[in-house]
Amino acid sequence: MKRQLAYFLVIFIGFLTLLGHFINYSPLNNFIDNDATQWFDIISGFAAFLGVINLLQLHLNKIANKRDNWRYSIITLAGFTIMIIFGFIYNGSSVAMGPHLKEDGSAFYWMFQNIYLPLGATMFALLAFFVASASYRAFKIRNFEATLLLISGVFLMIGRVPIGQLIPWWMALEIYICLFFALIANRFEEKKKMLFSLVICIIVLPLITYFLNLHNLSIFKIPELQEWIMDVPATAGSRAIMIGIALGTIAQSYRIITGRERSILGD
Amino acid sequence: MELIKKIFIQLGQLDRRFIFLLIGLSVLIPLLKPDWINIPIKTTTNSKIVFEELNNLKEGDKVLVSFEYGASTKPEIHPMSVAVLQHLFSNGVKVYTVPLWPEGLMMAKYAIEEVVSSDLFNIEEHVDYVSLPYKAGGEIIIRGIATDMRSIFTQDVNNVLLTEIPMMTGINNITDFDFVFDLSAGVPGNAEWVQFACDEYKIPLSSGCTSIMVTDAIPYVESGQIRGILAGMPGAAEYEQMVFEYLNNDTYNKYLNKEAVIVPGKATSRMSAQSIAHLLMVIFIVFGNISYYLIRKRKI
Amino acid sequence: MNQYVKYIFFPTVILLVYFFFPFSIFLSGNETTFICVVLLCFVVEYFIEKAKNGEEIYMRPIAAIKAMEEAVGRATEMGKPVLYVPGISSLDQIDTISGLTILGHVAGMTAEYDASLHVPVCVPIVMETAKETCKESYLKKGRPDLYRDDMVHYVTDDQFAYAAGVNGIMLREKPAAVFFQGKFYAESLILAETGNSIGAIQIAGTGSSSQIPFFVTACDYTLIGEEFYAASAYLSGSPEMLGSIKGQDYVKVGCMMLILIVFISSILNGYGIIDFDIVSLFRTNIIK
Amino acid sequence: MYEIIGIWCVVLLTLSIFSYLYGDNPFYKSAEHVFVGVSAGYIFTITFWDTIWPNLFGRLLPSYVKAGFEFDVSYIFPLVLGVFMLFRLSKKYDWLSRISIAYIVGMMAGLKFYVFLNSNLLTQIKSSTVNFSGTYLSIINEVIILIGVISGLVYFFFSKGHTGVVGKVSRIGVYFLMIKFGASFGFAVMGRISLLIGRFEELIEFSKPEYYYSTPVILVLMIVGLSFWSFKNNTNINKNN
């Protein structure tokens, strides 16, 4: 019975919010547009209390049982308590409680500015290093797919920065030739043959291009190629993913509001 | 020959800490010695579209600028904010700032302060710009701005009632604006502006965003739902440069203080650090591939 | 016969009522969307019904879903915990809800194998939901004794603080299997790289398209976009759910046809062969 | 005075987080735990003052909480649902919280159904129209996009195996997806490097004499601390072996 009640509510609210978009009844429309999500925010605001209780339980437990790294839990609790004190008890600035959170000069704001912000920004900046090591590992010419990943990644990387504009047409051409050979290297049985044809291509193709006056083509300008990659194939890819995600979300929502996706409510 | 091979294979198995160190240095050195490297900046089409769109605004037009970034993405987005604001003020456009992220409030404040303190324009609060306060809710707020702004905002950041601000008269929802410019680093961001407001009410929207968001936003740009896009730090540098040239060439601009010195923005100087770091990563990738090739051949 | 009545007659009636109802109880301006909603629901419903009636449904194998059980099994063998990260968004994203439904299945596996499960959560309300899900899964597998309340715990709401916290858990507990299923933003790479550096089997799934590449490069298996939403249906294996996936496929075919129609008609329109702008049909208005 | 202390805090915490690049160490661990505690407190405070206080109490007790809203009796519902949520703490009545979760899940599913259908599915289909104002080249591009989208969607078929024609088409789809992933990756590199630039600029700024050379001082101290720690750790490991 209790469980049935929850399902009934899911189905009822789900269809209400979906069909409310089509029905001409302004309180309902207003509910969907504004209140529905505001309510969600308020309910999750209440849940924040549960989060805090859980956090305290976890760390106090750790300290009480002297589990691994329990000393660090003291730091977490201290940081938390200080923020709560500055948020609700001690103000430190001239404005009222509440607006003081964003007031330059309050103790809370000091903590925000000097502890919270730099920590967040630095964690974020760590990504620069991780992205380097990830790309070092990922961008390998393993197969055709990986090569495409590499090509579009690398061209974007150099095409987007001013250095990409300094690359002359012949160098771009040589890069293409090398990439092509890297891709087909496995097909060659004899290493010497491959090296020979590579060298020939590297010398002859630029000359041909130059004499045929093809070197002004935009394919040899990395920034323009980069823009094309972004505008055409990457757009196609992201559109396919977007439509896929939309379909997935819609189907999942449908399963939820018809009461079929049950594990979410513990069934 | 064998020796070279060995070196390459060794390079392929580098400790990742070594890569970390090199990346760090490649960013640090150009920042410490900016005059060592100087690379010209070329503008891309999407940045040009943004510039043209904003340039076509007339004197007295109303533009809503929404701030959706924080301290961590400040280096990328903030130069855009400043350049866009400069550009708008130089055309006599009225600016309304709204933060949709808690930190966006501070960012809007810093950006306005930076423009005001540069002394380029004679702008006054409540005459040329209004700063709206932060309200929690993300897309709900966008939805609210689209339908009924006054139900969400009653005061500006300085707790002045909106009814007492002359430039707020006649502004009740999104259709009262001529343009929306969105500066975003995540969610809510430009996608939400498209979905919940601008698309439906046919208000032109442009956006400046972090580079990671660009591929997600590009379908909207291609379909014209977002008009042009400033992509990350390079986008910021390009826009800065366009605005810099525009202000320098436009000697008859009545909004511009003649005595003030126009200084190029910050993004331009950061681009050399960016370039070097990218170059280094490409070199890593090339070395990684050579060593991968050699190792694979050995196994065969 | 009965089926025809159901799946042709009813939608027609609904659409007729919608278009020809005398009083203005319906909003005008989003007719296209309404038609789509009705068609979509009935198509999916049709295939669900068919599946319920016992029609065999072929589902293409997805490596990541198969690997889930293996990963849990391996963690059990090694005597190490399984870490499940349900993303950093709240319940307002369908991704989180999908992540939690998958958690239900993974918790079922850990209950069966008697592996220890660890779910650090970013949002309190998700924590409560996840607790409920895990508890029920353990109960259903008949192992309520194995469920501990501290299995699921709150870390913090902030994106990067959460990433730092989960990082710490990974570095110090060294889980053998790591699941990232939910909505992720920039922290995805920090998490996936750390997981990679401790040598865990990593299975990711997300609908955040800008984070998929990082998971693809740093994880062993990744559920890309739509696959992620379908995973829970796959795992449940019930005909109802599989039927809905099949229906979804047919909706997809419909979308592709629609794209082609739009494309071709816009070419014809461009050359002046037909005088009809199909884009005008797509009035996607919401409420005024 | 507070400003200088603040700046030293900023530098210390920034460098502590960066020390993770060397490996897990006490500096990073401390910074991590500070971060978790402070952010939990921060978010909790912000949630209360920015959401519950104005949006709930501002509507239920408008004369007391002046948030610019009028009295709205319907906000009793979220209050009740929120209190239901707190019943999680009770063993006997914890089923009440399920009602709150049911509301959220149902509401969001209904809302997202509509939003994704409207803004993502229909607009993306709409945008596959060909723009004839462009050159022939742009039409070729449109055709490439069309092929990419269709083949990408074929990749996502679940009820057809990737064999035969479907297999070949879905392979083309994968190529397009890979290009998109590569592009995202390239952009990410760019974005992340810019963030690093931001942090470094701040550290450089704080190494000036007016901040008492905080960056170099802390950096040196940290390196000494780290080497001492890793030395000690090494000897420990040797003993264990």
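Going in written order, the chains are labelled A, B, C and D, and every chain counts its residues from 1.
Here is the rule we use: contacts are C-beta pairs under 8 Å (C-beta built on N, C-alpha and C of every residue); 3 or more make two chains touch, one makes a residue touch a chain.
Predicted model, so just to flag it, every value in this text is computed and none were measured.
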| item | value |
| --- | --- |
| Joint neighbours of chain D and chain B, given as chain labels | A, C |
| Set of chains adjacent to chain A and to chain C | B, D |
| Relative to chain C, chain with the most remote C-alpha centre | B |
| Chain pair that, of all pairs, has the most C-beta pairs in contact | A-D |
| Rounded Å distance, chain C centre to chain D centre (Cα mean) | 18 |
| Approximate Å spacing (C-alpha centroids) for the pair chain B, chain C | 32 |
| Centre distance in Å when chain A and chain B are each reduced to the mean of their C-alpha atoms | 18 |
| Approximate Å spacing (C-alpha centroids) for the pair chain A, chain D | 7 |
| For chain C, residues that touch 2 or more chains besides their own | 30, 33, 37, 40, 91-92, 94, 97, 125, 128-129, 132, 154-158, 160-161, 164, 172, 186, 189, 209-210, 212-214, 217, 224-227, 230, 245, 248, 252, 255, 284, 286-287 |
| Touching two or more other chains - residue numbers and ranges from chain A | 18, 21, 32-33, 37-38, 40-41, 43-44, 47-52, 55, 69, 116, 119-121, 123-133, 135, 137-138, 149-150, 154, 157, 160-161, 230-231, 234-235, 238-239, 241-245, 247, 249-250, 252-254, 256, 264-266 |
| Chain B residues counted as touching two or more neighbouring chains | 16, 20, 23-24, 27, 72-73, 102, 134, 136, 147, 199, 211-212, 214-216, 219, 222, 231-232, 234, 274, 277-278, 281 |
| For the chain C and chain D complex, residues of the former touching the latter | 30, 32-33, 36-37, 40, 57-60, 91-94, 97, 125, 128-129, 132, 154-158, 160-161, 164-165, 167-168, 171-172, 189, 209-210, 212-214, 216-217, 224-227, 230, 234, 245-246, 248-249, 252, 255-256, 258-260, 262-263, 266-267, 270, 278-279, 282, 284, 286 |
| Chain A partner contacts - residues on chain D that touch it in the complex | 2, 5-7, 9-10, 13-14, 17-18, 20-21, 29-53, 55-56, 74-75, 77-79, 81-83, 85-86, 88-89, 95, 98-114, 116-117, 120-121, 124-125, 127-128, 141, 144-149, 151-153, 155-156, 173-190, 192-193, 195-196, 198-199, 202 |
| Chain C to chain A touching residues, read off their complex | 18, 24-27, 30, 33-34, 37, 40-41, 44, 48, 90-92, 94, 97-98, 100-101, 104-105, 123-125, 127-129, 132-133, 135-137, 150, 153-161, 163-164, 172, 186-187, 189-190, 192-193, 207, 209, 212-214, 217-218, 224-230, 232-233, 236, 240-241, 244-245, 247-248, 251-252, 255, 286-287 |
| Interface residues, chain D side, partner chain C - complex | 17, 20, 24, 29, 31-33, 35-40, 42-44, 47, 85, 88, 97-98, 101, 104-105, 108-109, 112-114, 117-119, 121-123, 125-126, 128-130, 132, 142, 146, 149-150, 153-154, 156-162, 177, 180-182, 184-185, 188 |
| Chain A to chain B touching residues, read off their complex | 33-34, 37-38, 41, 102, 117, 120-121, 124-125, 128-129, 132-133, 135-137, 139-142, 150, 154, 157-158, 160-163, 165-166, 182, 185, 223, 227, 230-231, 234-235, 238-239, 242 |
